[in-house]
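Got a structure for you, written out below as C-alpha cells; questions coming shortly.
Chain IDs A, B, C and D follow the sequence of writing; residue 1 opens each chain.
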Amino acid sequence: MNDRLPGPVLAVTDLRAYYRTKAFGVEREVRAVDDVSLSIEANEIYGLAGESSSGKTTLIKTIAAAIQPPLEVLAGSVVFNFGGRSVDMHHVDPRELAAIRWKHLSYIMQGSMNVLNPVRHVKQSFVDFAFRHIAKPMPEFLDIVRGHLQRLHLAPDVLDSYPHQLSGGMRQRVTIALATVCRPEFIIADEPTTALDVVVQKGVLAMIHQIQRELGSSIIFVTHDMAVHANLTDRLGIMYAGRLVEEGRTADVFRSPRHPYTAHLIASLPRLGDSAPKKGLEGAPPNLANPPPGCRFHPRCPRASDICGRDTPPMVELAPGHRAACFHPEPVQPA
Amino acid sequence: MTGYPVYLLTRLGQFALVVFIGINIAFIVTHATPIDPVEQSIAAATQYGSTSPEAIGLMRQSLKELYGLEGGLGEQYISFWRRVAVGNFGPSLSAFPTPVSVLIGRALPWTVSLLVVSTLLTWVLGNLLGGLAGYYRQSPALRFAGILAMAFHPIPYYIVAFMLLIVFGYLWPILPISGGYMMNMPRDWSSAFIGSLVIHSILPILSLALVGLGGWFMGMRSLVSNIVTEDYVVYAELGGVERRRILASYVMRNALVPQVTGLAMSIGAIFNGAIITEQVFGYPGVGTLLISAVYAGDYSLVLGITTVSIVAVSLAVLLIDLLYPLLDPRVRVR
Amino acid sequence: MSGALLDVDNVVRTYAGGSLFARRRTVAVNGVSLRLEKARPEIFTIVGESGSGKTTLARMILNMVAPSAGAIRFNGTDLSTIRGGRARLAFMKQVQPIFQNPFEAFNPMKRVDRYLFVTARRMAGVSTDAGIVDATDGALLSVGLSLAEIRGRFPHELSGGQLQRVAIARALISRPALLVADEPVSMIDASLRASIVNLLRDLRDRLGVSIIYITHDLATAYYISDRILIMRRGEAVESGDARTVLDNPQHPYSQLLKQSVLSPDPQNRPMNF
Amino acid sequence: MWRTIRDLLRFNRQFAAGVVLLTLVAAYSCLSFFSPYPPNDSFVVPPDVPPSWAYPMGTTSRGQDLFWLLSFAIRNTLLFGIVVAVISRLLALVIGLVAGYSGGLVDRALMSVNDTFIVIPLFPILVLFYFVMREHMSWGLLALMMACLGWAYDARLIRSVAMSLRTREFTETGIFSGMSTRQILVEEHLPYVLPIVFSTTMNNINWSIGLEVTLSVLGFTDINTPTIGVLIYWANQHTALVAGIWWWIFFPVLLVVMTFVGLFLLAVSMNEHIDPRSRLGRTGT
C-alpha cells in the first residue's frame, strides 16, 4: 500500500459554490454550498447525509473538480493529500489533475443504468480508465483486472459483455470494481445504492465495505438514506440547505444527535418492529435562491429563538470529534 | 431467435413494403388520370399532315402493347408488375429501338456514383464538424462553420446548383459546367479520362454537399450537446480519460447511431437532390435522362426511370439498415 | 360476497413482447387474490421489489389495465363490465389513484388548483362556483393545506411534500371509498415522509377510506399497514396481518427481504453484512 | 403558445431575425394587390431596362415591370407553400396522433407505412404525375399531390410527442379528475403538440416551395401563373443570363432565398425551444 502520511487525505476549508444562471432576463443565484469545512482521514468511510436541495451533490462535484457553468466556486479550497503530495483541486493544471483521476481519486455514481459506455464492451472501460495508470503490457493488465474481479466475486467474462446485458446490481458491482482497480487513496460514492432493490443493495454495500477494508482507502459516501449511514459509515456529516449542520462519529450522532434537524431525521426513521407514532417535520426545505437569514433551519425548528433568525450558528465542538452548528443544541441523551 | 436475425427479417419486410407501395403509387399515378398516354403519343405523331385511319389504328394497337395498356385494369396491373419484376419496360420511343432498361442501365451508374460520393462526403464531414461544434461549444471557427452550413441548408438543391452554375459558368469559369467528361474523350479509363471524369463531377458534388452539410451538422451538434450530459460521458470525464478519446469513442460513437437511421431516412430526399442537380449540370445520370424523356414525351422511359428510382432508393435504405447493427450492439446482441 | 368492497379473484396479467417474429410472453401478475371488507376500512399494503408486478396489480384495480385472466369486483360489480363514460365516471368516483412522483402527476404548464376544481365539478357533481371552492377548500384542509396557499400556483412553485398533499386532496374531493397509492412517499424527503404517512392513517380513521398502499420499503409498511401482501415475480408469496407477518415471516423470500432491511442504528451493525 | 412566441421574440435572436425576414417578404407580396399592371400582361413597359429609379428591379424581355411581377410571383409561391403545408399538417396530425395514442399494432402498422413514404423519392413521381397530366396540370392538383406525399416525416415527429404524452401521469390525473378525452387532448396535450406542428409547418412550406420552384423552372407546372419558379423558367427561355439581363434572375432568387432562410430560422428556434433539455439548461430549474 502507499505509505500513509499523517494528516487528512481530504481537507475542505470554507468552501462556497453557487449556481449562477441568467435566463429570460432573470438573474438567479442558487447558493448550493455555503462555507463548508470538513476533513477526511485515511482508511475512513465518511458519510454525507442530506435531503433534496441540501447541496450534498454540489459539494461532491466541487470536491471532484467537476465544475461546469452555471456552477462557480467563489471561495475556499479543496486539498487532497496523496502520499505526501498535496493537490489543490481548483488550482491544479489539467494534466496533473488527469494524472490523479482514477490513480488516486475515483468515483462511483448513482446512475445504475448507463454509467458504462453502452456501445462498447465493459473491458473497454477498464482500458480507458485504468490502463494508463497500471504501467503493464495489455495481457498482464487484463490479468490484473481479472484477478481484481475474482476477488470481488465477479465472473471475469463480464469483461466481454455489453452494459445492457447486465442487471442493475451487476452493473453497479462492475462500476465498483472499475473504481477500485487502481487502488486509489480516495473514492467518492454518490448515492451508489439508491437505485437498487433492497436485497441487491445489501450485497453492494457489503462489497464496498470489503474493498474499503482491503485497500485502506478513504470513501466519502453520499446518500439521503440514514439507515445506510448507520450500517456502513465510520463518521457522518449532515447537510441542510447548503451548510454542514452536524458532524461526528456515526455511533455518537445516532445515539445523541445535537442539531434539531439531525434529531428529527433520526427520530422520524421508520423501524421494523416499531409502530409508535412518528412526527413529520413542518414546512418545506428552503429555496436556496433566497435562503432564510441566520440559521437556515430556524423557520422549521421547534427550538428556534430570535437569535437563530439573525445570526448564523458556527460549528462548535460539543464533544470530542462531535461538532454541530446550533445555538440551542439538544441535550446529551443517556448512552 | 432474437437479436440480429429478427432485425434482419423486419428490415427485409420493410424493404418489400417500400417497393410494393412505391410501385403501386407509380401505377396509380399513371392509370388514375383521365388522359391516355397512347392518345397523346398519337396526337403528337399525327400533328404534321394526315395519316390514314388504318395506320392510326395499327399505331394505337402497337402503342397499347408497348405501354402495357391493353386489356382491363386488372390485366394491366399484372403486366405492369411482370415488367417491373423482369426490369423490361419495352423499347424507348425517343431512342427507338434501344430498350428503356439499356438507357437506364447506362445512366444509373453515373447517378449512383454521384450519390454515393456526395452523400458519404457530406455525411462524414457534417457529422465530424457537427460533433466537434457540439463538444467544443465555444470555438469560434466551428461556430462560423455552423452558420455557413446552416445558411445553405434551407435553400433547395436547384437554386444552389443554379448559383454555382452562374458563379463557375460566368464569373469564374475554371470548372466545366456541363457533361460527365470531355466530349470527344475516348472512354478508355486512361488517367486523362478519369481526370476529366473527376473534374466534371466537382460542381455537382459540391452543390449536393453544400445543401446536405447543414442538416447533418445541426443534427449531430444537438445530439452531441445532449449526449455530453449523459452519465457515461460525465463518468469518463471524472475518470480522467483523455478528451480526444471521450469525444471519439464515447460521444461521437453514440451520436452516430441515430445519424445512421437519419441517413437511411433521408436517402430518398438526397436522391431527389442528385437527379435535380444532374439536370442543371447536364450530368449524364438518371436525372438528365428523366427530364429529356419528359420533353421527348417518352412514356415508358419516364415510367421506367420512376420505378427503377424507387427500387434503387429502397435497396440503398436496406443496405444502410443492415449496417446499423454494426454500430449499435443493443440491436445485435440481446 | 356482498360485504366485499374489493374482491381481487385470482387475477393474471401477461404482456406479449418482442417483435413480429420473436413473440415473448412475460407474466407480470400470476394468480393474485385479495379482499377488502366494506365494513372495515383498512390500509392494505402490497410489498415487492421492482419487477414483482405490484404496479401492474395496482393499475388493474384502478381499471386502467384489463386482467388477462381472473376477475376484479368492486362493490360486487366486475370491472370488465364497466362500459361507457357514465359507468366509468361512477367507478372513478369510488376509486382514486395517488401517483409516485407528484411533479409528474400535475401538468407543469397548468395551475395546480385547476385539477381540484374539475374534480369537484365532474366527480362530486358540485355546480355552483361557491360550492366548488368550498369542496376544494374542505379537501385541502383535510390534508393540512388551504386553498389560499395553493391558489393559482404552478407545480414547480410548490415542494414535493405540498404537491403530494394536493394530489391526495384532489383524490378525496369525490369522497372515494378506496385510494390506490403507488409508492406515494418514495419521492418525498424522509423528514416529511412521516407526515404524509400519518395523513393516510388519519384518512382511514376519520373518513373511513380504505387504502391500497404499494411500496418496496418494508419499514414504512410495518408502520402504516393493517394487512400486508408480499409479492415476488408476479406471485403472492405471503400475506396476512402486517405485524404478525413482518415480526416472523414464514416464506424464505419474506425472510430474505426482512434481513436485507438495514436497521437504522449503528449498535447492531451486522459485522460482515 | 402565444406566450412561447412572445418569449422567443424577446430572447431568441434567430426567431426575431426569421420574423423580420418573413414580414418583409409578406409585405412585399401584399403589394401585388396595388399593382398597376395585371400579372399576365406583357409589353406594358419597355423591355430589358436595367434596375433604375423608374423600375427599381428593372424590366423583363417580355416588357413586364419586374417589381410588380415579382410581387405576384412571391404571393402565389407563398400561397402554394401554405396550402400544401396546411393539407399535409392535417394528414401528419391525424396519422401521428392516432399512431402515438393507440400504440401497439396500430402504431407499428401505421409507422411502417409511414416510413415507406419517407423513403420513396418524390421528385420522379411528381415528374411522372406532370408527364401524365401535361396541360391539365393545375396548381390545386399539384398542391394536393405534394400534400399527399409530404406528411410522413412530420407524422413521425408528432407521433413521438403523442406517445410520450399518452404515458405521462398527468394524463391519468386528468382522466381520474373526470376530464373528457376532448378536454384532455385540447387543454392538456395541445400545448405540447402545437410547437412541433409550428416548426414542421415552417419546414414543410420550405420543402413545398423548393419543389415548386424546381418543377416550374423545368416547365413542369402551369407556366401561365407567375410564381418564382415560373419567372426563372421564362428568364431561362429568353436566355436572360447569356443576354446579360441578370436582374431577371437575381431578384427572384434573392427573394425566395430570403423566404427559405426566414422560415428555416423560425423552425430551428422553435425546435430548440421545444427540446426540454435546452430549456431546462436555460432556466436552470
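By our rule, a residue touches a chain if its C-beta (ideal position, glycine included) is under 8 Å from a C-beta of that chain, and two chains touch if they have at least 3 such contacts.
These figures come from a predicted structure and were not determined experimentally.
Could you let me know which interface, C-D or A-C, is made of more C-beta pairs in contact?
By the number of C-beta pairs in contact, the winner is A-C.
Name the chain with the Cα centroid closest to the overall protein Cα centroid.
Chain nearest the overall C-alpha centroid, as shown: D.
Could you please state the distance in Å, as a whole number, between where the Cα atoms of chain A are centred and where those of chain C are centred?
Roughly 33 Å separates the two chain centres.
Could you tell me the distance, in whole angstrom, between the mean C-alpha positions of chain C and chain D?
49
When the centre of a chain is set as the mean of its C-alpha atoms, what distance in Å lies between chain A and chain D?
So the centre of chain A lies 53 Å away from the centre of chain D.
Please compute the C-alpha centroid of chain B, do the same for chain D, then give the distance between them in whole Å.
The computed centroid separation for chain B versus chain D comes out at 22 Å.
Would you mind writing out the residues of chain C in touch with chain D in their complex?
64, 85, 89, 92, 96-97, 99, 101, 104-107, 109-110, 115, 118-119, 121-123, 156, 167, 170-171, 174
Within the complex, which stretch of chain D touches chain C?
Within the complex, chain D touches chain C at residues 168-170, 172-180, 183, 187-188, 191-192, 285.
Show which residues of chain A lie in contact with chain B when the two form their complex.
64, 66, 97-102, 106-107, 109, 111, 113-120, 124, 128-129, 162, 164-165
Please output the residues of chain D touching chain B within their complex, sorted ascending.
For this pair, the touching residues of chain D are 112-113, 115-125, 127-134, 136, 153, 206, 209-211, 213-214, 217-218, 220, 232, 241, 249, 253, 256-257, 260-261, 263-264, 268, 272, 275, 277-278.
Which residues of chain B touch chain A in the complex?
The touching residues are 230-232, 234-242, 245, 249-250, 253-254, 257, 327-330, 333-334.
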